[in-house]
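Everything on this sheet refers to the single structure shown next.
Just so it is clear, A, B, C, D, E and F label the chains in written order, and each chain counts residues from 1 on its own.
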Amino acid sequence: MSVATTAESESLANSKIPVLAARDLYCERDDRVLFQHLNFELNAGQVLQIQGSNGSGKTTLLRILCGLNDGYQGSIFWQGVEVTEQAEQFYADLLYIGHRVGVSKVLTPLENLRWSSTLQQRVDDAVIYQALCDVGLRGFEESQCFTLSAGQQQRVSLARLLISPARLWILDEPFTTLDTTGVDLLERLLQQHADKGGAVLVTTHHSLQVPDLQRLSLG
Amino acid sequence: MWLWFSKLGSPKWFYELSGKWLPWLIAVMSLLLIIGIVWALLFVPPDYQQGNTIRIMYIHVPFASISLAFFPLMAVAGTITLVWRMKLADMVAKTAAPLGAWFTALALISGSIWGSDIWGTWWIWDGRLTSMLLQFFLLIGVISLRSALEDTEAASKACAVLSIVGCINVFVIKFSVDWWNTLHQPAGSFSLADDAPNPPEVWVPLVVMILAIYCFFAVSLILATRNEILVRERRAQWVEDLACNS
Amino acid sequence: MFENVQFSSLSDFFAMGGYAFNVWSVYLLFVVFFAINLAVPVIRKKQILREQKRRLVLAQESRVRRETGNDTVL
Amino acid sequence: MSAVTTTTGAAFIATLRRDLLIAYKKKHDVVNPFMFFLIVATLFPIGISPEPERLGEIAAGVLWIAALLAAMLSMDSLYRSDFEDGSLEQLLLSPHPLYFMVLAKNIAHWLVSGLPVVLVSPLIAYMLNLPDEAYLAVFLTLLIGTPVLSLLGSIGVALTVGLGSRGLILAVITLPMSVPVLIAGTMAVQQTLNGAPLLGYLAILGALLLGSLALAPLASAAALRITVN
Amino acid sequence: MSAVTTTTGAAFIATLRRDLLIAYKKKHDVVNPFMFFLIVATLFPIGISPEPERLGEIAAGVLWIAALLAAMLSMDSLYRSDFEDGSLEQLLLSPHPLYFMVLAKNIAHWLVSGLPVVLVSPLIAYMLNLPDEAYLAVFLTLLIGTPVLSLLGSIGVALTVGLGSRGLILAVITLPMSVPVLIAGTMAVQQTLNGAPLLGYLAILGALLLGSLALAPLASAAALRITVN
Amino acid sequence: MSVATTAESESLANSKIPVLAARDLYCERDDRVLFQHLNFELNAGQVLQIQGSNGSGKTTLLRILCGLNDGYQGSIFWQGVEVTEQAEQFYADLLYIGHRVGVSKVLTPLENLRWSSTLQQRVDDAVIYQALCDVGLRGFEESQCFTLSAGQQQRVSLARLLISPARLWILDEPFTTLDTTGVDLLERLLQQHADKGGAVLVTTHHSLQVPDLQRLSLG
């Protein structure tokens, strides 16, 4: 149930210290132990896929790592230091996309991305237009999001991957509702991010086509 | 560390300790109650104005005064829940809310029965009464919030926040409502310090009854909390053993 | 001590100087509340433990069934 | 590749603007609180008495109660859609103090739903035959009082944000809390009618406002962290 | 392999039971309407005047207005969760007439949220010092009137079911619709105080009830078909 | 853009008449034509997968076929007769599972299935228990659904497939959030249903492993 990854990325000086590490995590819900003694390290340049059957606790684990859920025991380290001690730096470098993608339905994709980028690092509208075009939403930049289909809304959130400066991506089933070109696109994005020295934690039931993929199985 | 302490140590420890103390507490309570009630019903002289209705005081005042303790109690328990994540504190808070609602309701009802003679009406919109009623509403709000939030963990913390906010509010409400309109007996008219207008044969039994009702409150709270422990710790080995041996 | 009793007869006591309804209803309410508040937790405790026991027995049975392989899982 | 984050001020402004923009797009969020206020105020002449004198006596109270209800009910929209679409999670995960983000949302919300009610209140006051001397008192007390109601309501909303239908539970939680504001407001009006100076009451309301500005967003932020969990 | 469907009666009962079961699990849905009613009624003595005589004058109106608001607000929960989890679509796709399914949901909803308000009304009436002669009138008019409010409210809810936060828009749509009920109710009380026989007004309210029983679920069903789209 | 299927199922007498047929469907949203001149027939014993990229109108089409969306032109036939003329029979034989699966969060899986089965055909609790067991929810029968994970909630709706008497299944992306065993299970269910003479219309971006699969591409 635990994985110690050793592959290292050369693109970063501090690659010896894992970007994200968990020590001895324990979580139970409704008296069922979801995981215990869970240890893992995620280094710069790595993509780690969390696997497990339905109800095995993947979503719970991701939310715990992000600090959205505190019903756990154990410690989580961000670049060697406990997350709770440096929440601000951690959140400045984190991008989380959950089951609910964080795209307001009344706003347009453009307005959504403007706001979410300002929370971390403001970018020009031109960059946003480019990102929306890259995820295949050209022509929908100014439509309100409730008129978009399920997959198109998911794509709006993928555009955030293109404009965020965050090094750590935590993605919960980002492939649902994407069509095959969308899946290819996302796999390419994950790959590129890892190549640039970023780190990715992703859950999916789909078999990821990413070189050097690390896996962690739950349940 | 705290987490471990609160998770494994506390509830069991409390369950065992309270199990040892309960009989004594119940004994003290019964003794005080019997003395208090007999005294109040048989020996207290009728009031020169109120006659025998004065005997209602021995129920009303203890209930009214202990009702005011619930929000501070829940706020303290809530703080402990939020800061030290002590499960036990939350169990106490959870059982205290409905108990508080009952105690408050009894203070309201006994007061209004008293009032039906003294004031000639069952209800007036006086400051004390209104603030008591609002406190009752706040307690229902806490109970309602707990039942509405499905996740136990979230519910306990949300109720902790609400109790802390509510505790501040109870004081603000009490102040503002008193300021708004007050007819009710001023606080302290039966206080121990100021015994001039009231002879000891009136206030001593009152003190006995107040102590008795405090014990009763403690007993009820402990009994309910013990049940809550059994429910929430039902997967713990010691509870399973307890169930098997029952 | 008994000379301090405020009532001369039992019926006097019950009459409460004309305030029988008020006084006795408050005391009755108190007694009922008191009894319920002690009885309910005690009954509830028995119930909790009974349910707990039943649950343990069920869990035991299903464990046995799974081990003997009579379980149909598609 | 190290993240250069925006300042908290910029994030505050961005959040404020975003919420105003959403309100602008969902125009009914702006119109409804004061329509509700109008309609509820109209119920009283119908339900109680259409006679001008009797209306005049109850007008100040009715205005305040209607404003209180409108404020409580408009709160429902405060974090709901953000919770449902996940924006609230994003806010919790932003590197900025949640206090300011919550404050920005509260301010935007009051501007959109509280201010119109205050602005329309003299009209309703006229319709309810409020005595002339009381106009200023009603207007000013509402102006200072409704933000307090919003801030208090925000705590209630934050506590119930995950619930499907929370209109009522919200009211049950927050209406008792807002009684002091109601008392200060209506007492102020009453006493000015009796010739007392308004300033003292405004000072009390102002103190309530400052207190709740400082503390309520803290409580809301804490509550959000819990309920989004 | 041909589908043998249940009778509409069975589906009606199943839907009624299901909604009562859900209410039983979410106890707060039962408690909150009448707590809201109590709290709103409390606001009037505080906001207007605690003096018994003045309260007595406005009591009947206050009771009706509070009941009206409680009914409106409790409606919010009527189809919301069903819409959000998709059960409403399943209802639309059932082989039974939607009229009966909607009626079942309305009845369950009134039993859970309207009836408790009616039952607690005499208590509030006492606290508001309602004249003794008016008790029966208030109680009976509320008993017949609140189901009408529920049925009318149901139309409003059905029209707004897709909206995230609809507490207010719902009130804005349905409060004006329910004004006739309010008028009939308060007039009945007023006139009985003046010595007129109650029966005539009750007959009017009864007619409103029958009319809305027959028509309102039709309108709700039509509205649901449109909004779920 | 149109597909005329010819394969026939022998298990039914009326298999000559297609179970479901669409003639010349036309739909536009926001002035974009989603599909026009769309014709297809679905016979007993067939599984028809609707394909198309994100936003191509799959969900819209399914909702149109079910009668949940009436913003279209053209006609839809159920066993040769227009659906609007025999809504009751159609709905008695239809099972639709959309993006929102129709599972009440406060009720338990058992209670949910009891109600939804009563809308069409009441079944015994024993059948429901068995169905829940078959979809891998043994032990969760009496937990409230909000405590279930995303995939487990999806599985509750799959249990409806096992107990419903409906001949026509219309499923909108039923594979999202299912793990691999869930995917296998669902594919097997589709297969069995077709073998028994039922008909299935399904959208998914996943490549379905069902023999005799028909395909219809949009957009």
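Following the convention adopted for this analysis, a contact is a pair of C-beta atoms (placed from the backbone, for glycine too) under 8 Å apart; a residue touches a chain by one contact, two chains touch by 3 or more.
Source: prediction; values computed, not measured.
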Chain pair with the greatest number of C-beta contact pairs: D-E
Copies chain A and chain F touch via same or different residues, half shared test: same
Approximate Å spacing (C-alpha centroids) for the pair chain E, chain F: 37
Computed distance of Cα centres, chain E from chain A, in Å: 46
Separation of mean Cα positions, chain C and chain A [Å, integer]: 53
Centroid distance [mean C-alpha coordinates] between chain F and chain A, Å: 32
Multi-chain contact residues (two or more partners), chain B: 134, 137, 140-141, 144-145, 148, 153, 177, 180, 234
Multi-partner residues of chain E (each touching 2 or more other chains): 26, 28, 32, 35, 39, 46, 81, 84
Shared interface positions of chain A, touching two or more other chains: 71, 99
Chain D-facing residues of chain A, complex: 12, 63, 66-71, 87-89, 91-94, 96, 98-107, 111, 114-116, 118-122, 144, 165-167, 196-198
Interface residues, chain B side, partner chain E - complex: 121-126, 130, 133-134, 137, 140-141, 144-145, 147-148, 177, 180-181
Interface residues, chain A side, partner chain F - complex: 29-30, 52-57, 59, 99, 136, 140, 143, 147-152, 154-155, 173, 176-183, 205-206
Complex interface listing, chain D residues touching chain B: 155, 159-160, 162-163, 166, 169, 172-173, 175-177, 179-180, 183-184, 187, 215, 219, 222-223, 226-227, 229
Residue ranges of chain C touching chain B (in the complex, touch as defined): 4-7, 13, 16-19, 22-23, 25-27, 29-30, 33-34, 37-38, 41-42, 44-46, 48-50, 52-53, 55-56
